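Questions regarding the structure given below will be posed in turn.
Lettered A, B, C, D and E in written order, each chain numbered from 1.
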């Protein structure tokens, strides 16, 4: 079975090709059969392969399909590499991906670009699978850029609105900033180590480089750049909230479950390199911490249901980075896995709300939906519980591990993480209380069909019980510490933090004991709210520092200053002609004078030289 | 004078005899076609005589004239050019009122002067040839008496030519006063026998250069050029541009090589300044010119500058390459210039001279063959491959690079860039889309045939120049042998 | 040998030459221009005679003879032109003959 | 003696030429020109070129100048032209060209002075000239005849009256 | 004999097209197709020699020599190696594209148009084959004339300016090259006593360092003008904007490659030391071109002008790659040449198709075209992705190899150049946004991609993907030539 690994990314790609070539000429059911079916086959295959692998010796499986390019000592194959890490990712991508595809079949039913949507989705899944399976960094980069393209296409799916296009471009360009760093990192690695094969690269790095020296630090830092861009971490995070312009399933798949975690995957994949660069690894942790705090605060101030979730995604990936930074590799991946479940669940549930509410995004225009939309409500409850890491949900296991590991590394990081967990509790339940409790203001018009409800139920189950999954990630990662804080203060605080948040949310948004309006009404707090709302002003910052100067310079120079050189030469020529032409007076005497003068001059020249 | 010398002079004598025959013909009966026939046959006979005496060359005929391969080749070139111009003259003048037979006579005397000029080995022949040419040109330029421009052009040319002749003669007199020789080789002996430069000889040569610079329309002796080109009838302009300049340049080169004047290095500086100025100035002047004849006049200034660069290289490289370069370039220049003015001449009517750019608007679609010919001529002037002009430019580059004249080469490059602009402007105008207008019926068969031959030669020498190069090489070696 | 230094003869020739040149450059009457031209040509003839006299050869005089020929021919054609110009332009002003320029 | 005569004649020649180029009336100018030519003729004699001296007087001062006289008479330039000439010959017009010519003269002065000195005055009589003319210079004579033929034909053509029937094809 | 035939077929076909106009204005384009088909068949023959070449060295597949101007040792010498083969193949492919895109666009004087088109291709093929420097220069100049006519007769509103600018830029720079060629030959003559313009003879000319530098500069300027690289690039946007689509295709796809070809074939092999010393400057120029043009492209509002600037940007990679002078970078340059030829041509064809339908190139007057032209938009998206360097497509391979090769030579410069990966999507996606996305602007009744356009653009899509996923076939063909070039230096 495992030999069929190459087919896993191929099926979605075939689906993409069929949908692109046939397009909207196919009937809708056929489109959904192709679009969903290709991912389903892929998921089935992945499940079988994964099962076979996990039941086996856990020896990594290396599949080479052929050469891509071979020049001099550079040799890049189309090679896939399967180990516990890729298997985890494979499950996430195909499994969650499949569910979201099913959901989409319902969600997008009325859209005129149905085939186009599934084509893009399939392309994305295919690229993502290449990303996680690639055995070398260039192939990984192919997938990496492929998912970027998919993301771009899907964010801008509803192209009539220029804002969507803007968001799509922003997403692509900002992640491209990171990608560029990644590519330079690739160049550096190859120039020094003469291979792109990830495993070989790690081996050579360990044998040829001294930890902490410039080379590993530089290489790791450049890879980190790539990861930061793709995973929307500080300082390249601001594209993700805008990316919510895409259809909601897209947000669930790309901007929650899979693509944005590619950075985490990359760092985990090249962990050996990061361990040789402790300073960079520490930076990873710091970035993660800062991001989780910053995004959490921003989530507090949002009113758009999807943007809340988007900031929460940034924040959760911040946790993963924190984990990576402190060396809790498997915890990071574990959180990646659980996060994929519950965040996909949350997005899809939000999608149903939006779907039934005529694309209304503002949570304050909703309310009291608990009764009208029970499935959505319960999905949200489960998702939010997992998100806030309430005990016995999947999120609890993963986040708990991370925080404890952070404590090992640095109590400050841990404290920040706990604070973040509290904020998570606040914003996630604020969302629920505002949307599902209170007075119902609008009538729900549509009902859900099975295509949308079944995935919700399944994901709900995974979000609840996903924590039980045991994936032998230790076969991939070095185990650095074994913690057994079974019941000490740290553990208690860690567990308690989200509950504090929950309580605050209850007080402010459910019982109305305190008024959020009043809190926000005061000057400083209001400014804080606006500050948080705007994502800490990062957009404005980039706009003033980079975007606008760039545009201004570009527009100023639209006619190409270099051309000015040639225009000047041409002008000089014209001027010279005018002068000379004026000498052609048509008068004999003047002409004769010129001859005389010429003679005088050339005699002088003849003598003087 | 013995019989051998007389035979060697056969081409010149034939030419002179033809002139007299035409005169007598006019006296007997005025008939343009008849006179044209006599003139054409005479030139052809003269050309045949050239071939006949080629084998026996070199022959020194008194001190004045030396019929060597160089002279014979250039005579052939000049006579061929004269024949082509004669063809254009026929179509140009056949429908015009007035007595046009004398034109042919004057053309013959002009050719005679030019032929003597290239064969001269003595100041007297040099001077007489030049002046016979000039005097004939005065009348030729002003030939259409019923228009004002030719008159204006002629008087300008006459006065300025007189001044330049005076400079030239003064130069000769100074050299004679110092050397006591009028014979080129004698002067060469004098120069070779002295280690130091004599100021009087040097200045004499400079004055001669000033005189010839006028004929070659080199800056700063160039101001007459556009006016005369514009004023003269198109075929005569072609004649001035080619025969007159070509003969003078050939003589200049011959003079310098045979008198060893290259030894006077200050002269090279003088020439460098003149050449640089001519290249840049000529091209700049032509830049936005809307009168095609004036434009070609300015471009001819630049071309003489290019030619001069190869000439200057003679100061440091073997004269074989220089003669070869100059000869090839001149030949290409002859073909091209005659062709270009031929087109102008064909387009002109007795009422109007086709020299304004507007005449050429959409020519490509009205008279494609004519336009194609003109385009090729212009491309050749610009030195674009496929045409003889390119090989010519290549020769100039080669000799100049061999002589390490980097500054002048740079000037050529800049000049070529400028040149391209105005040549292309004409081509652009010709390829513009216009509604079909009344087409002048093409009945100028002689001109058409001449243009066809010129075009074939232009492209032929551009693609396969080897044949011509072989001939020219024998010419340049013949020149070498003379020393 | 009559003791006239060649330099003096040549200097006189140069003086006449330059005077002729001034005439050409300054006068606007075409006939005067032609006359000045004659002065210039005559000056060069003088130079040849001086040089011939130095070497005691006939060449100088022969050159003078040829210059004379040129002068005659040039004056012939030149005056013919002047006549035509006067008929057509009704002036002998050289400066007004500037129909072509630029 | 000869030297003195030379200088006096030279002075006359220069004076006559100066007068010629400054005259307002063309006929006056012509007369001064003839004077100048005659003076040069004397100089030729002094320099030992007797044949040339005679030619100068007969052909130059005689024949060629007569042509001028004819033309001036034909054109019948009156008082009006003299007034016009007066206007034309302002000092401002003189300065530039004269300076230029002066520089040229200075240059020639240097040329002549630095060119080396020599004596002149070897007599070359008419016979010698004749022998040379019909010996080595035979071709020159023939060519001169062709030159004159060209001049003749040119002058003949230019001397024709304007064709009245033709409309002048003028362009702006 | 196949090598001269490659040139002659195109030339004769051109004349045939010209004269066939007498029958009907539709005939010339068919003549063009037939000629190109014949040419393609001819090309297959030498390609089959690649495997069976016993007589010749593995580097040079074919060779043709005939004396031409013996006076200067000039011969009609043609030879083909892998590089020439690839570029000629590209020329033929894009020849088809040019004919296809001119199919309905050219409405007057079709015969002369197709004559010029084919003559231009003939000149280009000549450039790629000539191994006599004089002959090379001959073709080099020759290919410009028909291009000049293509622009000045069938171009758009400002065609005269553009055509003359193109001509003057290339002519002046090529005269510098002619000067360098002549000087080189003269030095060779001084050393050995014989004139020769033969490439293989001149390869071993002993030069003093100073002289070599100036000679190299002469060649370099000519080629960088054609390439073009900043600061000699300004003719290109004008020429591209004004040219008819077929002209743009040839210009961007093939003609710019002659500059790159010249750098690869002549500059470095002839003057290895000088080129080596000059490499930092040249690489910097390449990097500046890449970045500067990318910024310029973003600022444009004229679609064709924008694409033109992207061409400058992409060709900068080649300059960078060639002067890095290692196998990776060279092979990358080769791939970039092909991939850029294909993708830029395709973009120009799309721009041309839009202009044919909308009668504007101004992006401000477009918008929302996806709604009415989904297929064309999708194709545009594909080629925009290719030109922003998406992995899996041809351009990426080239850029990646070039940058990887250059990185080992100059780390900092290459890293800076890599920043173009950020700028490329900025300009590529702005096109998508302004033209195809957003609300529909005015137009409603437009016909989407015709069958002819499907075939031609589809072929280009396939080629791009093929180059992106399986570049090895191409790399293998060019490898011996590139290895040979590198070996020459050592």
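Everything that follows uses one rule, which is that a residue touches a chain if its C-beta (ideal position, glycine included) is under 8 Å from a C-beta of that chain, and two chains touch if they have at least 3 such contacts.
The structure displayed is predicted, hence computed values, not measured ones.
Within the contact network of the assembly, the step distance from chain A to chain E comes to 1. Of all chain pairs, the one linked by the most C-beta contacts is C-D. At the far end from chain B, in terms of centres built from Cα atoms, lies A.
Comparing chain C-alpha centroids with the centroid of the full set of protein C-alpha atoms picks out E as the closest. Per-chain Cα centroids separate chain C from chain E by 64 Å.
Per-chain Cα centroids separate chain A from chain C by 95 Å. The mean-CA centres of chain B and chain D are about 30 angstrom from one another, to the nearest whole unit.
Separating the CA-averaged centres of chain D and chain E is a span of 69 Å.
Annotation for chain D: residues touching 2 or more other chains are 96-97, 100-101, 104, 107-108, 110-112, 115, 118, 137, 140, 144, 147, 150-151, 154-155, 157-158, 162.
The multi-chain contact residues of chain C, meaning those touching 2 or more other chains, are 6, 10, 14, 17, 20-21, 24-28, 33-34, 45, 50, 52, 54-55, 57, 59-60, 62, 66, 70, 73-74, 77, 81-82, 84, 88, 94, 97-102.
Taken residue by residue, chain B touches two or more other chains at 124, 128, 131, 135, 138-139, 142, 145, 148, 155-156, 159, 163, 174, 177, 199, 203, 226-227, whereas all remaining positions touch fewer. Counting only pairs that meet the touch rule, the chains in contact are A-B, A-C, A-D, A-E, B-C, B-D, B-E, C-D. Residue ranges of chain A in contact with chain D, taken from their complex: 589, 593, 596-597, 599-600, 603-604, 607. By the touch rule above, chain C contacts chain A in their complex via residues 21, 24-28, 33, 94-95, 97-102.
Residue ranges on chain E touching chain A, taken from their complex, read 230-231, 233-234, 237, 292, 295-296, 298-301, 326-328, 331-332, 368, 370-371, 374, 378, 381, 385, 390-392, 397, 400-401, 403-404, 407-408, 411, 414-415, 418-419, 421-422, 425-426, 429-430, 432-433, 436-440, 469-472, 475, 479. Those residues of chain C whose C-beta lies close enough to touch chain B in the complex are 6, 10, 13-14, 17, 20-21, 24, 30, 33-34, 37, 40-41, 43-45, 47-48, 50-52, 54-55, 57, 59-60, 62-63, 66-67, 70, 73-74, 77-78, 81-82, 84-85, 88-89, 94, 97-102. By the touch criterion stated above, chain A contacts chain B in their complex at residues 573-574, 576-577, 580-581, 583-584, 586, 588, 590-592, 594-599, 601-603, 605-607, 609.
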